[in-house]
Structures are given as structure tokens and as C-alpha cells.
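Quick one: the structure is below, questions incoming.
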Amino acid sequence: MKKLNKIGVLTSGGDAPGMNAAIRAVVRKCFYEKIEIVGVVKGYQGLIDDNIRLLDPSSVSGILKEGGTILKSARSKDFRTKEGRGKAYINILKHGIDALIVIGGDGTFTGANIFGEEFNIPVVGIPGTIDNDLYGTDLTIGYDTALNTVVEAVDKIRDTATAHSRLFFIEVMGRDAGFIALSAGVASGAEVVLLPEKPTSYDELKGFLEKQYSYQKESSIVLVAEGENMGSTLDIANRVNEEHPEYDARVTILGHLQRGGSPTVVDRILASELGVAAVDALLEGQNSIMVGMVKDEIEYVPFIKAIKNKKNVNSRLLNLISVLSG
Amino acid sequence: MKKLNKIGVLTSGGDAPGMNAAIRAVVRKCFYEKIEIVGVVKGYQGLIDDNIRLLDPSSVSGILKEGGTILKSARSKDFRTKEGRGKAYINILKHGIDALIVIGGDGTFTGANIFGEEFNIPVVGIPGTIDNDLYGTDLTIGYDTALNTVVEAVDKIRDTATAHSRLFFIEVMGRDAGFIALSAGVASGAEVVLLPEKPTSYDELKGFLEKQYSYQKESSIVLVAEGENMGSTLDIANRVNEEHPEYDARVTILGHLQRGGSPTVVDRILASELGVAAVDALLEGQNSIMVGMVKDEIEYVPFIKAIKNKKNVNSRLLNLISVLSG
Amino acid sequence: MKKLNKIGVLTSGGDAPGMNAAIRAVVRKCFYEKIEIVGVVKGYQGLIDDNIRLLDPSSVSGILKEGGTILKSARSKDFRTKEGRGKAYINILKHGIDALIVIGGDGTFTGANIFGEEFNIPVVGIPGTIDNDLYGTDLTIGYDTALNTVVEAVDKIRDTATAHSRLFFIEVMGRDAGFIALSAGVASGAEVVLLPEKPTSYDELKGFLEKQYSYQKESSIVLVAEGENMGSTLDIANRVNEEHPEYDARVTILGHLQRGGSPTVVDRILASELGVAAVDALLEGQNSIMVGMVKDEIEYVPFIKAIKNKKNVNSRLLNLISVLSG
Amino acid sequence: MKKLNKIGVLTSGGDAPGMNAAIRAVVRKCFYEKIEIVGVVKGYQGLIDDNIRLLDPSSVSGILKEGGTILKSARSKDFRTKEGRGKAYINILKHGIDALIVIGGDGTFTGANIFGEEFNIPVVGIPGTIDNDLYGTDLTIGYDTALNTVVEAVDKIRDTATAHSRLFFIEVMGRDAGFIALSAGVASGAEVVLLPEKPTSYDELKGFLEKQYSYQKESSIVLVAEGENMGSTLDIANRVNEEHPEYDARVTILGHLQRGGSPTVVDRILASELGVAAVDALLEGQNSIMVGMVKDEIEYVPFIKAIKNKKNVNSRLLNLISVLSG
């Protein structure tokens, strides 16, 4: 077992519900292992600006259920420069930090990978992003909560859609990946999902909506991932409304609503497990890896793999939509 | 007490959570009073299209907690014509309907008022709209639920706003009235509210945001009613971002999310009370009135008053925002 | 206007959701009025133990939406003795506190009344209790949240009750008053409510349940206030099960669940209004009064009246239960 | 592929959120495969009583989000007798039912296994129980929803526990298994969990509580599975209170609250997947098996295995509690 005196932890990139649960687990595990733990405020920028404070079990009391991140997050331009990272390293030396735990997504791990190699400091990543688009872990922290937030919202919109027999286009997060749209689509009984991973032509969409309309469906919901291929959600809806004013289609863009809220049980447990696992990984001498959960086992995935590889959406779910929305 | 054999009930205009609770109360009260009750599907259009079905206590079993309206709602162009209303009246005669209860807002009561006078049929209205902009009742059915939906959404957005020390503009419903924006603003601790009732200049807004920023507020929320004076929410945010890119302002438009969901206790009780009161009003021989709740007493308000007069927002709450958001 | 340099605020008795919102309003209003504000931790006992700390706007940042009370609450035996109150007063002198704001119920105001008279210090009360059993205010802080918590729980139990066509007895808080049971009963469509204010005999209950059963009701819910007349909820259910094993009656006691949770919009606004009003009352030179909300106006009610008088449950709601549950 | 003309579906045993989502998936998949589908009302008793009705896509419209089961559930004594099962089989012949899908737990599959063998009718099971105690599937339908219900309740109780620095014992479902207590314990930050799978002595518990108390923990939560070894939750709390009145320990028994509510995303997707998989299994000629989800793959598990084998709680989670609650 490696000897560690002090670990630093930070959250970076888009925040996700459950990040606080992960911070709490890291802090309590360090307390349990008698390792000092400091929190870096505002991500990598906080390393550069020396925005660092001591954490102890009482600092994380009551945060398990809170959305957001007590360490705040930010995207740092400075950290993309060698100079910026140099300043960050000076602060790491100053505080006597032996190793870093970074909670975030793709961009966070890219930075961690460069930094770790440059200065030979052990860094372990915890996957925290609502998008679930990280290779090497079945689930990312925040994804299950975001899904439940989306589905509760769709359930509410369904109430009013049904009251007026209307068509709704609902845009959810996912610039590069359709995980949220697909899973929320199955869970909310969406009639159609539009994903980056499975291009749909306008004519296919139109044909489908016409079939639905002819069945006198009480309401129809099209769940749209930001990154799908057909242009903006508003444009699609406008085009549909021009050709079929009788559908009276409306648009809702759920936006940042999806990032907040008290984490679900799945996210709290995942965050607790991965927080503890990240400290264990450092104690085992691991470096430049992400701790992931794969088929309910903890796995170590090199940053380089987590960043480079593409995680695929579940094809069983794609199939479910067409069977169940008929 | 007037002898009534059969009452018809319908929902019209934008749907609101609690409409089902009102329908249930009307149906059960009629059952209690041994009056037959029929539901008109899709509002006034359903009267014209003879889309009418018998209701009994089992038809409304389990709907107390459901959003939307089992009778569906619609806006009817035909009902604005004399011909359309004539067809509606023929169906009323055909079904032997002695009186109508209409659940909705402004537009619903305008139609009811004309129809009732034209054909001398007693009509009583129940205020159901999330906007709360009806004179003659302190609360409309759906308003409290919409407020709670908005505040839960703002709470979630606050999580992510605080994590990134960001400014958010959140647009809520209210084309003519700022009730939702104002009350939700107080309840969510919004730093600013923009309302149709209290025009704010861009410079005032800017000055306020600059003051907030200089205080290093962890996050700021501006709650915007659709109908405020300064142009679209997106435009305001863009202008702010151009002048102050460091605010990194974001926009969320809550949209139809606000119409759905299981009604709150306040809305369920209000709807139950007003549903029973509407039947009582008909039994007392009332006509062309809305049943309202004023200072916790049931009042009858002539349609003409409810439509013509403007309800003011609570000035105490306006004052609260400036005291509490400092 | 009275000159005040420093106000103390405390929460006492059973905690209620929205107490934090009231503390926040008191603190921010004091900041706005340039009055120093200190928080007394753990109620009157904290006064005796000198558990007092300075508050400022940042101390109350983010607490608007939190259940519980950041000042903690406790019941104090020592404060019932003259000696205890004397120690409390010494600490008040020591800190230079000019006036006190106490948030709580019956017992809290009884203590405040004695203490204020004994030592001639202005005390203003804010009604905070989920039970709503305080004369002089239509609503107490926490009541609306507790009602929504109860109704959400009853909705869930209704799911399983209906799945098994079962009878459930659900006990809610209310040792002396049936406000929660009555309002939650209307809002959840309970078939029967048992209240201290309206004694029901076992035979009435039995007759009613037999009628319900003969109608083949899908499920029945009896909502029981702790303080009703017929003995413990468990005993009633057991007696019913002995005589009618076919009802397969079950019991759920909601307990302390009812005290927690994020406050609703009604409670957040009420707490914000009353918090500001309490400071205003002190500035106006008021003393030994509770600030209440009566028919949407703020009123000052002498402690002695708030304590001695009994608030009645709404008779319209009692009537509603019998009309709607038929 | 086996030719099937008509399938029957039923829910049996304790109801669980997501059963409706499973019914919907079975019905829509049958519609998709052009197989007739009938619903048996009230479980096996409905088979005996010929309480059977045709289902089609419109029968399951809107039920995806509803708790409970539209087919109702019941425990049937008659079905335990050969005579009862004989009557059931006669009704199966009468309706021309080729195969059965049964949704439930242990007891449901025991009955299915006997019935299928006795009368040579294909039966496939779907695991639906909040307890998660079925071998052969990582998750059962309803478990994730129950966990979230429990954790929301514990979060609320934590508010009031912290306000009063109190100790709470909270009893959750689980007569034979501690899945709910353990996972909810990790997710709610419970200080102790008491499980049937890991006997705790009273002295261990007492020692732990004393340590917590000496640390001046703001509050402590002990999560108790019904089936733990130390006697009733009430008795444990009483004993603790006798020895340590200063803990002021309280008890809440969550009870049937845990069975209801709108299913979470995890449960809706699981139910949708397993519903479709059950029909697929019958089409493949499977018989006397349960469809389970194991490491995100659908597996067929013979009833006999699912019933006889014991699923173990996750030892990683047991370890987490001791690391994180310290």
C-alpha cells in the first residue's frame, strides 16, 4: 500500500447531482484511512489560484442529499496552457498534496491526464456527468437523477398534452450522445426519440407522426437529444406545424433544470462507491485512471481509454421504443 | 331551491392541475343531490360536436390526484360564432341539460356569459387557470401547483447556478400578469423579478446585476414573466451577456411543464370546495356567475365583473423581493 | 420608530418546515434595517447556555429551501424555572440584545410571555408549527408542507390499498387538533376522518365502513388524528379486523416524516412575510405579540390571546368529507 | 418460434411500483406480435373466479407512470389446493389461453411452478417485488422506487432529527432480506443498519451509539429491516431510551408507504424490458422460468432456482456503511 499524506479533490466541468455524495465519500474515506484531504474550489482554476481548503467529516455533513457541488466547478482556460498548469503544480507542492482526485467528465480527464504526466503526480478520476457518455463505466454520477428529472417533466407535459390532444417536442441534454433521450424516452413512453446515434430523416419522422395522428393518439411526445441530426428542435417543430397545423405542436427545452436536484438512490450509492474506490486506487498506487462501475464491479480504466473510446447506447432500448410506442 | 334534473360540466382553455379535482367534486355533489351529470368532452367544441357522456362517481374514481383534465380541453373557434353556439344549444336540449358548469379562465367565462344570455340557460363558472389572473377570487385552481412546480425547478437550477457562480434568466408563464413570477420569486429567493405590472428599465436591471456581481453573490436568478416589458427573455440575456460576458448568463424557459403535475393540497381543496359550491349556486338559482374564494369565503362574482376587472398583484410581495434579495 | 441595535432570534418546540425561511427573512430584514442580529442555538436552552452567534446574510444563504432549523430547537426544562430565565436574561444583557423574535407554537409563546413580562424585554412571536392549532393566524408555518407530505404519502398508500382492495387506517399528527387530518382528508379523498373536534363513536365508524364495503369500494382510507377520541389507531384497526377480517385493515403511522422536507411555496412566502413583519412589529414598539396572517392581512395578536383561545377547524371542510367520500 | 394465440397476464402477491409498466409492455408487445392478451384480475384468485378481461393498447394507455396494478393483486388460499387450481385451469381452457405471464415474487412463482407442471401450460414469471430478494435477477421491479421512497422519507426525518439532535430508529420493509435497509442506509447516510443477513448484538449497537453520542453527532439514524435479529424496532428503541434517556430516541415505521408511488426510471425501464422479454421467452417455447436482468443482460432462470436459492446482499455496501458513517 502506498503511503499518502494528503490528497486533493476537485470537481470540474458541468456539475452533476451526486458530485457532493462523491466528495463526502472521498473525505470520509480519507478520514478513515487517516489521510489529510483538501478541497480545491472551482476546479482546475482553483488549483492555479490557490483556492484550496482543508476538509474534514464535518465539512461534508449533510451534503449527501444536496445537488450541485460544494467545491464549485468551472471550466479553466488557463489550465489548458503549460504556464497555467505550472502554477497549479506549484500550489500542489506548497500544500504538500501527494495525489489528486478529479470528479467530472471527458474534458476533466483530458486535463488530468496531461497534468499527471507532466508533473508525475498521481491523479484518479471519478466519472461525474449527467450525459453518461463516458467509456469504461456503465453509469456516470448524475445520469440517473437527470433521467428522473426529465421523466417527471415529461409526465407533467404529458398531462397537458393529453388534455389538448397535442404533439410536443421536448429537447433534452446530449450534444454528442443520446443516452438521456433514449432512456427517458423508454421510461416516459415517448412516441419518438431523436438521437445523434441513430439519424432520422424528416420524412421518417413525418410519416411516423402521420401514422400516430391517424390512430387518434391522445397525445404524442417526441424526445429530442440536443445533438440529433435534423437541426434545432424549434426548426423541426416549425416545419411540422407548417405542414400539419392541426397537430398544434409545441416545444419545451428542459435545459439546466436537468443538472440540479437531490440525487437519486442510484446516484448516491454510485458516488459513494466510486469515492471510496478512488482513494483505494490511489492507495494501491494507481495513476491516470478513472474508477468506473462495469456490470456492478469496480474497474480501473486508463484515462486515455475513457477519453478516446465511444460508449454506445443500448440497442435493446432502441428496439423497445419501436415495440412499445406503436 | 331550484329543481335541476341534469347538469353538464366542461373544461375549457388552458388546462390546469386541479381541474380533475373540480370535476370530481361536481360529479360527487350531483350524485349526493341526486342530479344527473354529464361531461362535455373538449370544451365548447364538444357541446357543438355532441361529444357528451354520462358521469357517475366511478367515472371520477382516482382522478383527484391526476393533472390534466379527463374531459379534455380545447379552444373552439366555432363557439365564437352564433351558428356554433346554436348547434351547442341544440345538443343541450337534446340531452335535457338544465344548467352548465364551466371550468376555465377569462375566455371560458366570456363564452359562457354570451351563451347563457343568448339561450337563457344557467351557467356557473369555476376559476381554473394557472395564471391566477381572475378578478373575484384570491386563488384560481392550478396556481398553487404551478408555483410549486416553478419553485422546484428554480431550486434545481439554483444548484447548478451556484456550482458555476452563474446568472440565470428563467422565464415563467404569465402573458398578462406576473402572479407566478412574483410569488415564485419570493419563494425561490430570486434576486430580481420582471413583471408586466411593474415595468423595469434595462438600466435598472443592469445596475442591479452589477451590484449583485460586485457583492460576489454565489449565483443570481432573474425570474421573468412572459409578458414583461423589455422584450424576449432571450434578447435580454443576450444583451446582458454582450455587455458583461463575465456573468455567463443562461436562459431557461419553463414552458408547458408548468401546466402539469399532481395538484397540491391547496389546489385539491380549492377545487373540491368550488366544485361543490358551483352546484350549490345552480341549486340556489344563480346564473352567469363565477364561484370564487375571497378571504376564505365562497363568493359569487358576475361573469361580467370577473372578465372586465383586473386583479392586482400583492404589493407586499413586491416589497419583499427588494428587502430579501439584497 | 423604535431604535433597535440588536435582535436575537430563536426557534423552539417542535420544528417545522419553513422555520429556516423565517430565520432568513428576519436576518435579511435586519440587515436591510441595519440592525445587528444574533441567532440563539437550541431555543430557550441556548439563551441559558449562552449558545449565541452572530448572523448575517451569508449565514442564511441557501437555507430558504431547507427543512429543519439551522438554529436547532429544543424544549427547555430550565427555562420553566425563574432561575433559568434569570440566567437567560443575564446573557441577553451580556450580548446587548434589545429584543427577541421567537419562532414556535403554543409552548414557545407561553415562555416568551412570562419572560418578556419578567424582564421587560420586547418579544415578538412567529407562528411555526405543523399543527396549525394557533389562534390568531389562519396558517402557521409548516402546516402546508406537512399537509402535502401527508397527502403524497396517502396517495402512495392508496396505490397499494387499491391494488389489494384494502382498508387502511393512517395516523397523522395532531394531539389536540384535527387540522392536518381534516385538510389532508379532503385533499386525499379519504373516506373517513377521525378528529378530536368531532367525536365519532365506534358504531358510527363501523356502520360507515360496512356501507363502503357493501358498495365494493376499491379501497378505503381512514385518516386518524392522534388526538381523536376512540383510543389508539392500532386498537381501532384491531377491533375492526376482529369483527370484519374480510376488510384486511392495515395501519400506517406517518410520524416524524411529517415534520421534515423542503417547504412549499405557501410556507416559504408565509415565513418570509412573517419574518419581515416580526422585525417591523419590534420597530413599531410592539411587545408580547405574535404576528399572524388573517384573511391575507398581517395582524398582531397578544400572546395571551394566541395561547388561551382555541382555533376551530373549518366546518365547510367537515361537510365536504361527507359529500365527497360517499 | 412457437405459435401463440392468446396469453394471460396477472399480478400476484404484494404489489410493487412498476407492475403497471410491466403489464403495459406485455400488452403492447403482444399487440406488436399480433397475439391476443387477456388480463386476469386479482391474481390467481381471478383465474379461479373467471375474473378475466381482454386488454389492448388503449387499456394500458397512461399507466406507465402509475403505482399499484390495474390488474389488482391478491393472495389466494384456493389456489393452494388442487381443486382451486383445477378450476383455474378450466377457465384457462374456456378462454383459450395458451400461456401465462405472472408478475410477482417468491410465492407467485411457487404457485406458477406447480400449476404449470400440473396442467402442462407454459408459464413465464416477471420479478416484481419491492424487497429485491429474488435469486436470478440483480433487480426486481419496484425495488428502486421503494428505495427512493425510503430515502426521501429518511431525508425528511433527518431534518427534524438534526433540529433536535435526536436519534431515530426507522423501520423499513424486509422480513427475510435486508436489501432495502442496506441500500437505503448507504444512500441516506444512516449511521447504523440492522439486517437479517448480519446479526448485530445489542451491546454492539449500544457501543456504537455511545461512540456517536460522544462525537456530538448532530443526529443519528438507525435503519432497521423488519426481519433483523434483535426483536421489534419499538423494543430496541425502548431499551435504548431506558439506558440512555438523553438520546431521546424516536421510532418511525414506514410501512406500506414503501409500496406505492410513481415508478422511477430504473423501474420503468426494467419493467418494460422484462415485459417484452417475457413474451419473447414464451415465443421461444420457454416454460417455468423467470426472466431476470443479470449484469444488464436478460437471463432465463428456472422457477425452481429462483425460489430455492438465496440472493446475497452486496458485501461492498456493508463495508461502505462502516467507512462512511464513522
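In this document, chain identifiers A, B, C and D correspond to the written order of the chains, with residue numbering beginning at 1 in each.
Going forward, a residue touches a chain if its C-beta (ideal position, glycine included) is under 8 Å from a C-beta of that chain, and two chains touch if they have at least 3 such contacts.
Just so we're clear, the structure is a prediction, and the values are computed from it rather than from any experiment.
When chain centres are set by their Cα atoms, the one at the greatest distance from chain D is B.
Chain centres here are Cα means. That of chain A falls 29 Å from that of chain D. Centre-to-centre, using mean CA coordinates, chain A is 39 Å away from chain C.
Across the assembly, chain B contributes 155, 158, 162 as residues in contact with two or more other chains. Screening every pair of chains for touch gives A-B, A-D, B-C, C-D.
Within the complex, the chain B residues that touch chain A are 11, 14-15, 17, 19, 42, 66-69, 72-74, 149, 153, 155-165, 168, 250-257, 259-261. Within the complex, the chain C residues that touch chain B are 24-25, 28-29, 31-32, 57, 61-62, 64-65, 138, 144, 147-148, 151, 155, 158, 162, 183-184, 186-189, 218, 262, 264-266, 268-269, 272-273, 276, 295-296, 298, 314, 316-317, 320, 323-324, 326.
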